[in-house]
Amino acid sequence: MDDETSADEVQAGRRAFLTCFGSALAGGAVAATATALLPGPARAAAGGAPSPAIPDYDWKQHQWAFGVDARKCIGCLRCVEACKAENEVALDAHHFRTWVERYVYVEGEDAPRIDSQADPVNIAASGSEQHYRFANRYQDQKVERAFFVPKLCNHCTHPACVQVCPTGATFKTDDGVVLIDHTYCIGCQYCVQACPYGARFFNVEKKVTEKCTWCYHRITKGLLPACVEVCPTGARIFGDRRDKQSPISRFLAENRVDVLKPETGNAPNVFYVGIDKDVR
Amino acid sequence: MHPEFSAAPYIGYVYPNETVFPWGVLIVAYPYLTGLVAGAFTVSSLYQVFGLQRLRPVAHFALLTSLCCMIFVPTPLLLHLGHPERAFNAVFTPHWSSAMAMFGYFAGFYVLLLMVETWFVFRPYIVQQAQQRKDLLGRYYRLLSLGSYDLSEDALRVDRKWILALAIIGIPAAHGLHGYVGFLFGSLKSREWWSSDLMPVIFLFSAIISGVSLLTVLYVLSCKLRRIAVDVDCVKGLGYTVWGFLMFTLLLEGVEFGSLVYKGKEGIDMIMVFVTTRLVIPFFVLQIGVGAVTPILILSYMFWRGTAGRALVAGVTTSAALILLNVIMMRFNVVIGGQEISKTGVGLLSYPWVFLGREGVFAAASVLAAPMLLLLVMIRLLPPWHDPVNTPAH
Amino acid sequence: MPRHIRRLLLVLIGLGLVAVAVRNLVVDRSFYEYGHYRGNAVAEIARDKPKFQGTAYCQSCHAAEYDTWAHGLHYSPDTARIVKCEVCHGPGGGRDPGQNYLHAATGPVHPGNLKLAVPADTTALCTVCHEQIVGRPAEQRQIVSGEHAGGQQCSLCHDAHAPLRFKGALAAAAAGGNPAAGQRKTAACAPCHGPTGVSAAGLIGPTLAGQNRAYLAAALAAYRSGARKNPIMLGVASVLSNSDIEDIAAFFASQKCAAGPGGAAQLAAARAAGAAMCASCHGANGVPTGAAWPSLLGQSTDYLQGALRSYAGGDRSHVVMSAIAKSLDDAGTAKVAAYYGGAACK
């Protein structure tokens, strides 16, 4: 302490300072010391962390991947409705974990006409935002070729969404799935912006971001994702790349596949057969 | 059915989930506020660090303006978050690869820096009030003084060193804070309209002009309210500052837009449709024409003709007000415009205007008005007009 | 160092310590366990209950339906076309938020209240996959529902579990018969119907070539029993066994009687002739839109007019045709018969 005369004002100021900040300082110091003694957040062990506590499942044994054979898709949209039922996705035409696009090349036009089940015309055809079916459009045009393309989260190897998440609420698991921790997401929607594929959306009820999980609660129990389960034509293929006999391994071995927007460097893990340059 | 979102109408093809805009006008207010912070701090530093004596009348006022705006910078973000109560997750477990994770630290550090610098600058006044006042406010000043009334020449010399140091650190901090906001948008490869290396620099320069302009308008306004003469020399200094930075900003924006068009990457067709239809009024007319070219012409004319006195004050103030419009339109055209161009590259959305609610226009307007109200209180608690006891370091 | 600086630093350090303490208390213990996220989140997400249960779950109670399905076209593993139970019936183990699968009369949960979600409107359900729309690959079986069955429920003729297993008239059509054997038994037919069943000018019998097999078989059986009254046909049919009838029907059904081009112009012509209601089943050019209905190709105006009069008068009886024939006046009957009478074999 400086050896100066202590005026009353100084004393009063010191009291105010000591009572307010002194206690905070002391409290903070005690708390910091105390919490430092607690076991801190776990760090991945050098020998590799164990698998999360999922019954009868070791994520080190699996590397999941998804295939889409667009040549087989009939645009029935059973996948879209099944996904909404399985994952309790909002029942409107603006929130989808998976969706189906239709590309129609009309004679004499350079660019395809594209619509999805969310298009107002198709919603009008189904009569409700809760049911989906493609309207029989383009009957009057001369159509050169047309096809459907199912879309979903690409579960990228270098996911832009995970890169931009400020908290670590979205992450890539060891078995190759990009998940969202709904109890940790702050709802900033930066990931929605960052996803080049439009796969993410904001859940207005839970106030967090939502997207396809490849039905992680199903695949860890040995089941197929709901959309694959209900696809009546085998246009959706799912499996484990570690298993050489799995549908996806065979699909990748037998086909030359494309991924969407490879130039973004995200390295998607949904592989397409039978798409076209205009599919992005 | 949830009425809490409004779906955007569109043309062409857009991904189904894109019809709900992730970011609305609140996120327009956010970079606007940080810009004002950085700009106002620049003025204060021009005086504190670079010794621009002309700016002395507004130097401390600039610091207070910067602080008031900075305090409200997190509010648009918190209002926007789905779970504001979890906001600290980004600070407790910052994901460093995310541009946004830096925000908590940048903002926290900068608020502290501003507070400490303000404290040093106003310490003589605080001590004086702590000693004189016996009322409740006196207690407040005594608390602020941290119980030390040392105003000796030695102590003030140390204070001046701190102020200089903080002002110097503050320059990269303020500009880093705002450059980072530009990076937040520029680093997103998913959006052609945002994905640009120039984005941080553009944000920075537009930030500076917005802060200087705000200060000009507020200063002239405060002189009218306090019925004192406007320091024409100071206004001229502010005018010069904003003039130089404005030309550079316009140049950068031109380069960015030009290179986007010239490169003509995939999706440029849709961008050109966007630019030539929906962007004509907000971008070419309001942002460029009214907001940038007009003030440049006014300022250039006045400086060329050597206009002085009331005419100069009126001209600079008008220009400043136009520049404030320019910058808010620039923020709008970036934040909203970027989302209006679909990620499919073959579709355009129209932002559905929302007025009420947490993310509506009124919320955004309140967020922008709040720092001004706080400033009204602050200039009563810490009057920046007092002839400063501190003189600049050199 | 002046005292106020010391105190300022103390305040800042205090704030820092509080921040560190709060952080240590708040951050989940499993954070960073596997990476930059809450490790426990993975198992929490995996814990959700699946709603779609798979075919084995359904089979455990509905073995008969499962068996039908497993032998039908909706189970074609060779082409990876497998329409599982829950595609049409909805998730077996969970809510059905959109009520996409529920029959109005059944409960919302299965098997909680032991009610199966049965699609009520099969025309709406089946056309989700089978309506002909732009974009659907050619391999997919597609119909134009306006021309296929006149808006009747698909389940009227098809067993949805095995769609090529037919009900009603279609079941007979699918039954069989040997066309080669049938040809040897047609000596009695040729004088009136022509050797291949194409009724050339001057022959009194209607055209049989390309006629719907089930219709032919049913007609012969009706003549034999006297349900349809025709003295010549009664004589011919009375000597035929059931297998003879099947074989003869199969032979004539396999013969060619091709139609002229159909299409929009034809449909307009049918409308003009007052035959719009006929076209939804018999086609605008006389080729039936579904396997359940007879072909009108190559029939004479006289024959058709007679047939309509029989339906109207009660000599012949059919739930749909009797009603239609009664609704036509003499002029209308003549006009319709004349229209289809012009549809000769090509």
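Order of writing sets the labels: A, B and C. Residues in every chain begin at 1.
Heads up, the rule we're going with is that a contact is a pair of C-beta atoms (placed from the backbone, for glycine too) under 8 Å apart; a residue touches a chain by one contact, two chains touch by 3 or more.
It should be emphasised that the depicted structure is a prediction, and the values quoted were computed from it without experimental measurement.
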Remark   = Joint neighbours (chain B and chain C) are A
Note = The chain pair joined by the most C-beta contacts is A-C
Key: Far-end chain from chain C, centres as C-alpha averages   = B
Query = When the mean CA coordinate of each chain is compared with the mean CA coordinate of the whole protein, which chain is closest?
reply = A
Message = Counting only Cα atoms for the centres, state how far chain B is from chain C in Å.
response = 65
Query = Distance from the CA centroid of chain A to that of chain C, rounded to the nearest Å?
reply = 37
Request  = For chain A and chain B, let me know how many angstrom lie between their CA-based centres, rounded off.
outcome  = 34
Query = Which residue numbers or ranges of chain B touch two or more of the other chains?
reply = 93, 95, 145-148, 150
Inquiry  = For chain C, give me the residues that contact two or more of the other chains.
reply    = 2-3, 7, 11, 22, 27, 31, 36
Ask   = Mind pulling the chain A residues that touch 2 or more other chains?
value = 2, 17, 21, 41, 91, 168-169, 184
Inquiry  = Which residues of chain B touch chain C once you look at their complex with the stated criterion?
reply    = 88, 91-93, 95, 112, 116, 119, 123, 145-148, 150, 154-155, 158, 162
Key: Footprint of chain B on chain C - complex, ascending   = 1-5, 7-8, 11-12, 22-23, 26-27, 31, 36
Key: Residues on chain A engaged by chain C in the complex (per definition of touch)   = 1-2, 17, 21, 24-25, 27-29, 31-32, 34-36, 38-44, 49, 52-54, 57, 59, 71-78, 81-82, 84-86, 88, 91, 102-104, 128, 130-131, 133-139, 143, 146-148, 168-174, 179, 181, 183-184, 213, 215-218, 220-221, 223, 226, 229-230, 232-234
Ask   = Can you name the residues of chain B that touch chain A in the complex?
value = 1-2, 4-5, 7, 12-20, 22-23, 77, 80-84, 86-87, 89-90, 93-95, 97-101, 103, 130-131, 139, 142-143, 145-150, 184, 187-191, 339, 343-346
Key: Partner chain B, residues of chain A touching it in the complex   = 2, 4, 7, 9-10, 12-18, 20-21, 41, 90-96, 99, 101, 111, 114-118, 151, 160, 163-169, 184-190, 192-202, 204-209, 264-265, 280
